[in-house]
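The data blocks that follow each hold one structure.
Two complexes come next, and they have one chain in common, subunit A, joined by subunit B in the first and subunit C in the second.
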Partner chain A sequence: MKFALSVLCAVLPLAAQDVKMPVGLDKLGAKASEVVDVSLDGALLQLAGRFLSEKDPDEANVKRLVGGLKGVYVKSFEFEDRDQYKESDVEELRAQLRGPAWARIVSARSKKDGENSEIYLKTDAGQISGLVIIVAEPKELTVVNIVGFIRPEDIRDLGGHWGIPKVDIAPVKPGKNDKKEDEK
Partner chain B sequence: MKAIPLVLTLLSAVSAYAADREFTDVVRIISEEFHTRPTSIPMFGLVNLFTAAVHPAGTRHIDLAVFEHLSDHDRQGRDLPEAIMKAVGRSWRPFVQVRSHRNGREETVFVYMRQEGKEWKLLITAIENEEATVVQLLLNADALARWITSPEHSARHWNGETE
Partner chain C sequence: MMDDFEQQIKAALAKKEPSPFFEARVLGAAKRQARDRRASARMWWASAIAAALLVTTGSAWQYEREAHEQAAGREAKARLELALKITSVKLQKISQKVEGI
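Then we have the complex of A and B:
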């Protein structure tokens, strides 16, 4: 019984996060000058939502979004030098996002800054159930996993909250949110 | 004379919030790793008397252990973050972890949390090159919300880092 409970306890957080952080990505921590992990489950998000103001339009927006979220998980790596991580380090994560439930809805590449932002959307039975953001810069890599109902256009409102980076994406028009490629 | 019942009430309130096993385990792990003991903080009991009465910034109780003058020469050599994570166990939720090493300066901050009825406990461990701090806070929901709003900033701020 104890063993079964231990196994259950071990599996539950992974199930909640849905997307598993690849071991290869975790190993980047050794090269990074800074690694930040933020984990906020549903209960904590609801608690945070209680303290957001209804009067401030920005906070009211975030408060509305929080109601549909079950978890926010952020992992970011900062490096002293450029090119400390390889495309293959991120590939293991991308492979998980190629399943039938996932669709890459935005891929923005900036030649000037070398920044590459990707947004993947998860749907279950036609309902949005999660979103993953990968922001790869020459000296920084950030992976955000948002579990729950969130529309891609809401990401801008969440940027700057709970460790989520500000992602500058063009708003996705209704009905045109499938496989959008955007080159800056 | 009237103050005596108040003091007794405060003392009983303070003693009701003893440090959790995980706090003492983390303190023990750091003590063993560096073959040292936490620095004695004079009159820290008074801080908790004040905290129990006034609840500054929504904090009802503080347990604190500060290690100073830590030296790599005295180290056992175990993986400290790993040992701390094991000691804290699954009853605490990992909230924020910051590990940084810049210009030869190592800093690690772990923040775990646990709900206790309507209140929340935060267990914060900050390890730098020559110093380590272990803190357990008992907070109300308002105080916790301030942490949640900007977890990364809170962890850095706790570690004394300025932006």
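Then we have the complex of A and C:
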């Protein structure tokens, strides 16, 4: 009985997270000049939600967005030099996203800049139940895993609100090495 | 007849010596009463102090718990803000890149 309980306790957080962040990613912290590691499970999200005001329109918007979430996990590494991480560090994560529940909706690769960005969505019975973003840049690697009902545009549109900067980069002119896949 | 009655009255009103230790018993009873009153007062004060301590400790615990929850909530909110900031910025960049290509 005790064994069954301990196994259940060990498995439950993984089930909540659904996609497991590769252990290899944590090792990158030693090489990185800046590391951001945010791990918010359902209970912490609920707690954070209680401190979001209904009166402030921006906070109310975030509160509504967070209401459908079960977990938010972000790992971001910034390096002083290029090529401090390997493709294999992210491959373990990509392997988990090859299951039938997951679909890669965006993959933008720029050989010129050495950037590779991917967005994956998980759907259950027609409902979005997970979002994973992998952004691999020469000196930066960011992995975001959001569990629960979320639409990428809802988070993107937070730009310019609640202290979140609105990114305004100049449109990129297509280069011969740039490739775009937009699978949905 | 009258003599009998007088005799009875005299016998009834005759000065009797108290039983031995009568004074000690009276004084003992008085002391016991005083002691019981003191004990009762002590018990009342002890109960009042215990109740006051309970209320104070309970309030302090509640305050501490609320302060701890406030701190944890603020921390969780800050972490959520950071996570959403990173996610939003990355999504905006991807979105603009995809639209720009």
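In this text, the second predicted complex is superposed on the first by the 142 of 184 C-alpha atoms of A that agree within 3 Å, B and C clash if a C-alpha of one lies under 4 Å from a C-alpha of the other, contacts with A are read in each partner's own complex, and residues count from 1 in each chain.
Everything below uses one rule, namely that a contact is a pair of C-beta atoms (placed from the backbone, for glycine too) under 8 Å apart; a residue touches a chain by one contact, two chains touch by 3 or more.
Bear in mind the structure is a predicted one, so any value in this text is a computation, not a measurement.
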| item | value |
| --- | --- |
| Which of subunit B and subunit C A:V62 touches, first, second, both or neither | second |
| First (subunit B), second (subunit C), both or neither touched by A:G163 | both |
| Partner, of subunit C and subunit B, that touches more residues belonging to subunit A | C |
| Touching partner for A:E80 - first (subunit B), second (subunit C), both, neither | first |
| Contacts of A:G29 with subunit B and subunit C, given as first, second, both or neither | first |
| First, second, both or neither for A:D41, with subunit B first and subunit C second | first |
| Touched partner set for A:N116, first subunit B, second subunit C, both or neither | neither |
| First, second, both or neither for A:S129, with subunit B first and subunit C second | neither |
| Which superposed partner A:R50 touches (first subunit B, second subunit C, both, neither) | both |
| Footprint overlap on subunit A, comparing subunit B with subunit C | 36, 38, 40, 44, 47-48, 50-51, 162-163 |
| In the complex with subunit A, residue positions of subunit C that touch it | 69, 72-74, 76-77, 79-101 |
| Complex contacts: residues of subunit B adjacent to subunit A | 90, 93-102, 113, 115, 141-142, 144-146, 148-152 |
| Subunit B partner contacts - residues on subunit A that touch it in the complex | 9, 29, 33-41, 43-44, 47-48, 50-51, 78, 80, 161-163 |
| Residue ranges of subunit A touching subunit C (in the complex, touch as defined) | 36, 38, 40, 44-45, 47-48, 50-52, 62, 66, 72, 74, 76, 106, 108, 110, 117, 119, 133, 135, 142, 144, 146, 152, 155-156, 158-159, 162-174, 178, 180, 182 |
